[in-house]
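My structure is below; once you've seen it, I'll send some questions.
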Amino acid sequence: MEDIKKIIEALLFVSDSSLTIDRIKSVLALNSTKEIQDALSALSDEYEARKGGFYLHAVAGGYQIRTRPEYTKWIKRLIRTKPVRISKAAMETLAIVAYKQPIVRSDIEHIRGVDCGGILRTLLERKFIRILGRKEIPGRPLIYATTRQFLEIFDLKDLKDLPTTEEIEKLGNTADT
Amino acid sequence: MEDIKKIIEALLFVSDSSLTIDRIKSVLALNSTKEIQDALSALSDEYEARKGGFYLHAVAGGYQIRTRPEYTKWIKRLIRTKPVRISKAAMETLAIVAYKQPIVRSDIEHIRGVDCGGILRTLLERKFIRILGRKEIPGRPLIYATTRQFLEIFDLKDLKDLPTTEEIEKLGNTADT
Amino acid sequence: MPDEIYKVQLDGVFEGPMDLLIYLIKKNEVDVYDIPIALITDQYLKYLEWMKSMNIDFAGDFLVMAATLIQIKSRMLLPVHEDEESEEDPRLELTKPLLEYLQVKSAAEHLSARSILGEDTFIRTIDKEDYLTAGEDEIINVDLFELIDAFKKILENISDDQRLDLTADRISVKDRIAQIVDLLEKQASITFGELFSSDVNKGEIILTFLAILEMVKLSLVRIVQHVHTGIIRIFYL
């Protein structure tokens, strides 16, 4: 019984979704539902008694270890502070600006094939890119380029440090590992 | 103190990389290193005392909650994820980068005697290695080094934690005979 | 020999010439410091022949090594003169890299034997989205490789003629533009003299000049020459 409890704890710990009793039964190759139920409630009692950072949550017919809501504030601070996180769409846009700078929005959108207004604003706010000026063509569109902070974040001395496209291609395709 | 311990536990529970004391300090907006260290060792002691499914592990200059190795068998039955499996060729390339970093591709290939482009790309993709910059020699080749994630995956506190090649050889020789 | 090779084949094709050499040295139980070069060269070449006969593609590196082996073998055959005692053993050319490669192999084995995260021990995998309020899509950690990868994916979708301007030269010009803009952001205008004074070599001067031309073309700057002093000044627009 002691052991089953520990195994279940390890399973709950690594699982990214809630675990049903049936699932636990099949992993442990056990027949008895009761044994698992007892282990789960013992775990839950333990977590309640120690009042730590997490608890056992019963959801959607299963069980899950969750952090206590009172610590969400801190978790958000952890996730939001460095290391810098960026959405995939923003990364693509940033890559285009980095390699094709100075570049105007319509050219970026031509390459990506979608509207980039919102993303460009976010990148500007986060100081990854800056406005260099306006291009003297009809509409006088804004010209974008990367910032010093961009270099710092990507650990580059200068733009010359960016791998060239030939180098990227020379690396070839992912080898089978 | 009690509260800091709980918050740190919650942070450790959600972080996908090992947390350094500095990182915890900045999230908690605390100045005292000692308070955090005390909380961490209290947590570690607790986990050791209850001998549950997980423990506090010091790795890559920080701390991380990991499942105890005795439950690996069960976890693998639960999560049928792709195993980390790294090919022999990739492991050799990674070893060269780890021991000779910072290093350029041609030096790696000189040692292995074969093209390593595809493998380097895979190692970059898996975030075992990263591009450090360029070497100021003709052609300005890219320089490679290992990542923090490399330390975490291979259970190293820091690069100095890697045994020297002489130490490995001694181990190897005794194993051979 | 062919039978043995066949057996080796089952263990996987040799990764490279070094791998094959080490296999041959281990199989013959010879000392890396005293390699019987004729024997090893012979077996090495036989293996290449066998690969050819089996239509197995092998990298040019195997041929380079074959040439090296043959060269060392022939140098070994040359008579050694008494007075040339100090001359290096030609086999050292092979011994040094072999030893280094053996070290790498042990280091790789050591790494594989360590407790590996995701294999021997696990951490929690959580969905960060639970804690993020903004409706951002897939979130990735910023890392130079991610940036390159994002760009590589874009490249795959654009035509060849659009990629021509992505050479290192172009990037240098862009870099220079960024530097000039940095200066102009600080002081609004700058003289030609100031811009070129720090440039020591011709290449750098050309680079600066190209950067200015590009900036004029982009209407980032305006260039004005003073009627009396002749000083050329660049203004940030």
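Per-chain residue numbering starts at 1, and chain names A, B and C are given in the order in which the chains are listed.
To be clear about the criterion, a residue touches a chain if its C-beta (ideal position, glycine included) is under 8 Å from a C-beta of that chain, and two chains touch if they have at least 3 such contacts.
Computed from a predicted structure; not experimentally measured.
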item: Most remote chain, CA-based centroid, reference being chain B; value: C
item: Most centrally placed chain, judged by C-alpha centres; value: B
item: Cα-centroid distance, chain A relative to chain B, in whole angstrom; value: 19
item: Gap in Å, rounded to a whole number, between the CA centres of chain C and chain A; value: 29
item: Distance between the centres, which are taken as Cα means, of chain C and chain B, whole angstrom; value: 23
item: Touching two or more other chains - residues of chain B; value: 13-14, 65, 67-68, 75, 79, 85-86, 89, 124-125, 131
item: Per-residue multi-chain contacts in chain C, two or more chains; value: 122-126, 128, 131, 143-144, 148
item: Residues of chain B defined as touching chain A within the complex; value: 5-15, 23, 26-28, 46, 50-54, 65, 67-68, 71, 74-75, 77-79, 85-87, 89-90, 117-122, 124-126, 131-134, 140, 142
item: Residues of chain C touching chain B in the complex; value: 15-19, 59, 61, 65, 97, 100-101, 103-112, 114-126, 128, 131, 143-145, 148-149
item: Residues of chain A that touch chain C when the two form their complex; value: 10, 13-14, 16, 65, 72, 75-76, 79, 83-89, 91-92, 94-96, 98-102, 111-112, 132-136, 143, 145-146, 148, 153-156, 158-160, 162-166, 168-169
item: Touching residues on chain C, where the partner in the complex is chain A; value: 122-128, 131-132, 136-144, 146-148, 150-155, 157-158, 163, 166-168, 171-172, 174-175, 177-179, 181-182, 218-220, 236-237
